[in-house]
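Below is one structure, written out as structure tokens, with a few remarks after it.
We call the chains A, B, C and D, going by the order they appear; numbering starts again at 1 in every chain.
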């Protein structure tokens, strides 16, 4: 049997939190806008899922520029979670996304437990009445302004509270996006699992800073920003592997994925699906090339179901 | 006045933990062997200090190969702290190092509080009798095998215990090398300061993993390794800045320093001195070029004392 | 509409020490760019530099008869442009474009204000309406006025200023503008591209005048397609102030709307 | 002794699809390399790839009369060698070397076992003692036997094996060796360089024979100067087993001492 016909036999679909994705490759939040922006280049129907830019109940203006700066094999961003707000998203962006045969995962955040809950509620209601939202991804790398600005995602207690509260609010599949800025990511994943999450995604960006030494000022108006891109990949892969050994819920792996080989590193380390973030900027067709590449790789290796490669790392 | 004569006026010497270094540029532990290895290329007399490869009371064999693998703009290592042991170091390596007009900082570690204390004791005794050791740098990124293999450097309590114990043992200036694999590096630095350390150095490597997807095995025999090089620099600079705002003791900054500009990022963010690690591999003359470059930069900027640039970041 | 495509480098020649002219030909049929639009160019084959860099279309040729060529005029500034400058004839390069709104094409006489490399972005309108532009061209020195002869031939009048006075008046172009009747007494539309400082200066200058100024802005870009929200500028819009994406809603804005910090 | 120096690329020519010959000339006076020594070559100008890569000296010329040239034969494998292959005539390159102990020069007849690119490392001894070597040369296919004519002219006898049988015997060179009287009944010193699998095979083969085998080992290297302890191999030394640095105590080891895992 030729490689091509073997490729066709490869089963790429995966089940994440009860949602059956046609393949394990999705876009990561904040790097693919609301889907529209890349629709000129990318056939959205081919994607496993689209994760939209993080949304909050009220629109957010975001940080002043400069918001991005390049770093070795990576970039820092301090967008400041600029977004049009959940209502405008539902009204203006969701109808466009509904046209495509892919799954829509809505990333959301808040700056207090109340706001998280309200966001989840509004999204669940919209989904219940008109459909089009297949899962929620909760970004917990935000500070709780009601409780000393402690970042939810770096404090197990705060995390338990907010995840539990949101879990009670929504019946939609709930993915929690973990922050890598922690000592023990496995512990964080366990807390999230115990609080009722259906899946975890990781990693969010790693906090970094670049200094303009002549001006003696940070390059980003926000002082610090989140590092992403190939530079963080070894850290992200390690964290996925730690989380894989810590929890049973499925993992969506991300951090510096640019090629099929990179995606496979995450799958082998324990991810069930992967997301491409910064990679979209470098190569708008990265997701499509990875989907094709996974099929080819699995056929070559005689592994006919992508689920069989998840966690296949031998140590 | 011409630039050259202004360069001569620039004061590059800095005081770290009571040791007066002729300039703020040192080599980082594990990347410069015992000094000998690079003495063919580098005039050791010009360095602010040499930090030698981490030593333990008993020699360590280290990990099986492969021990290193490249990553985007960085590398991972899992040397496994191979070293000849403190006694052999004092006998065989220290006499060579004593010939040079630079300061010798001895990096050491243990796998229990007792071992840390014994190492510090042996090094202090050697220093007291024959000199040649100007400061100790304590690597706390090691697990405590007597207490559940918890890594000293990621647990505030374990860290306090081990630093306090070592502090009691030695009168040598004591630098604690912080692990970046923590949620709050500022907190860690405060614990170390409160436990009597004279200075902190950061960052040690960030734990990462690279997977050989065809073999479904980690590239490193040790599974995970420490990421270093330019890829980690934004993270390291951010951490130095956090520590600078958290403690009063001097900071030695490192992580991905390759050029004068990189070194300046750390100084501006709050470091009093810097260390070059992976950069030595890429350019054996990196340290020398940075020393020269710092003089030039400061002269151009009309800052005649390097201490005045430490922490000069305006936000 | 913009496309993502592969192109081959036809030429990447040095005009002087740090200015180069890059000519590429798309390897697939592509649409032709409008004046003031730009492209995101991949500058190397590794992850360092990682991101594409934005460059204004300087000249496009042959889109009507199929021998498409895109020309970019660029200055070597940092890592990305240095890497770009190392690409050679025959090398492949991935490109996104044409991007952005571009300049509205003037109908009659107009004023052009170019600072340094800003000339690259403005060249297409000079070419489109030959001999209708009053060109104010500022640069650091003679060497930076690389395509002086060409733009002279395309302009109705040209006024030059260099920082060192090596050509034209000594000083910045905004100071020259101050005393020009074209700004004081006229109402010709203005097209400007150059350093932020120049644009800010222009904004002060025309504050009370009734002149429409189209300015093309510069900001770090990651995606170039509106997805990352990285490249924003604050503009007034229906009485509130909002961040707009330079790559999507720009790069050309009405100077009046811009909120300078 | 080794040095850190800048060199200029004289040539970087393709011998076939993935094999190239790099010729560089040091821009400062440098010492001449010994057979089996190697150099760490910078493969690019950015941080990706980051580390230098080790390459055996294949040929060195002109060290006696000042027109120094160093030649390297290399195969494009991954990112680093791909980047190296993009360097062009005239480009500068930073180099550390010569590094390592090298082969002890044989005094009379000797056996050489080369697997693939291993030939590059062994070429200098073939050249030094012309027509004294029994060369066993294994490669994947005909194309990989790039410098066959040259090494044929330098050897006393040559036996070839290719994986696909396109030249010489079909199979791996170790299988050919098995039936050779040179290994079975002789005691000529053996010099070998090639994939780990080949060296392990050799070690099995000569286990009970009284033959001295000098083998050159391969491992990822970061510093190349003995500082990082990255490139180790386990060897027997005074009854214990220790890790030795391939870049410093090697790359050539006595096969007998190596502890295979």
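What to note about this one:
Everything that follows uses one rule, which is that a contact is a pair of C-beta atoms (placed from the backbone, for glycine too) under 8 Å apart; a residue touches a chain by one contact, two chains touch by 3 or more.
This is a predicted model, so every value here is computed, not measured.
The greatest centre-to-centre gap from subunit C, using C-alpha centroids, is found for D. For this pair, subunit B with subunit C, the centres built from the Cα atoms lie 46 Å apart. Put simply, the C-alpha centre of subunit A and that of subunit B have 35 angstrom between them.
Across the assembly, subunit B contributes 72-74, 229-231 as residues in contact with two or more other chains. Residue positions of subunit D touching 2 or more other chains, listed in rising order: 47-49, 79.
Taken chain by chain, the contacts link every pair, so each chain touches all the others. Residue ranges on subunit A touching subunit B, taken from their complex, read 71-74, 76, 154, 181-184, 206-211, 213-214, 216-218, 223-225, 227, 229-235, 237-238, 241, 256, 261, 264-265, 268-269, 297, 301, 309, 312-315. Interface residues of subunit C facing subunit B in the complex, by the touch rule stated above, are 47-48.
Interface of subunit D with subunit C (complex): residues 44-49, 79, 83, 86, 88. Across the complex, subunit D is touched by residues 30-33, 37-38, 40-41, 53, 61-62, 64-70, 72-75, 77, 79, 82, 229-231, 258, 278, 280-285 of subunit B. Those residues of subunit B whose C-beta lies close enough to touch subunit C in the complex are 72-73, 230.
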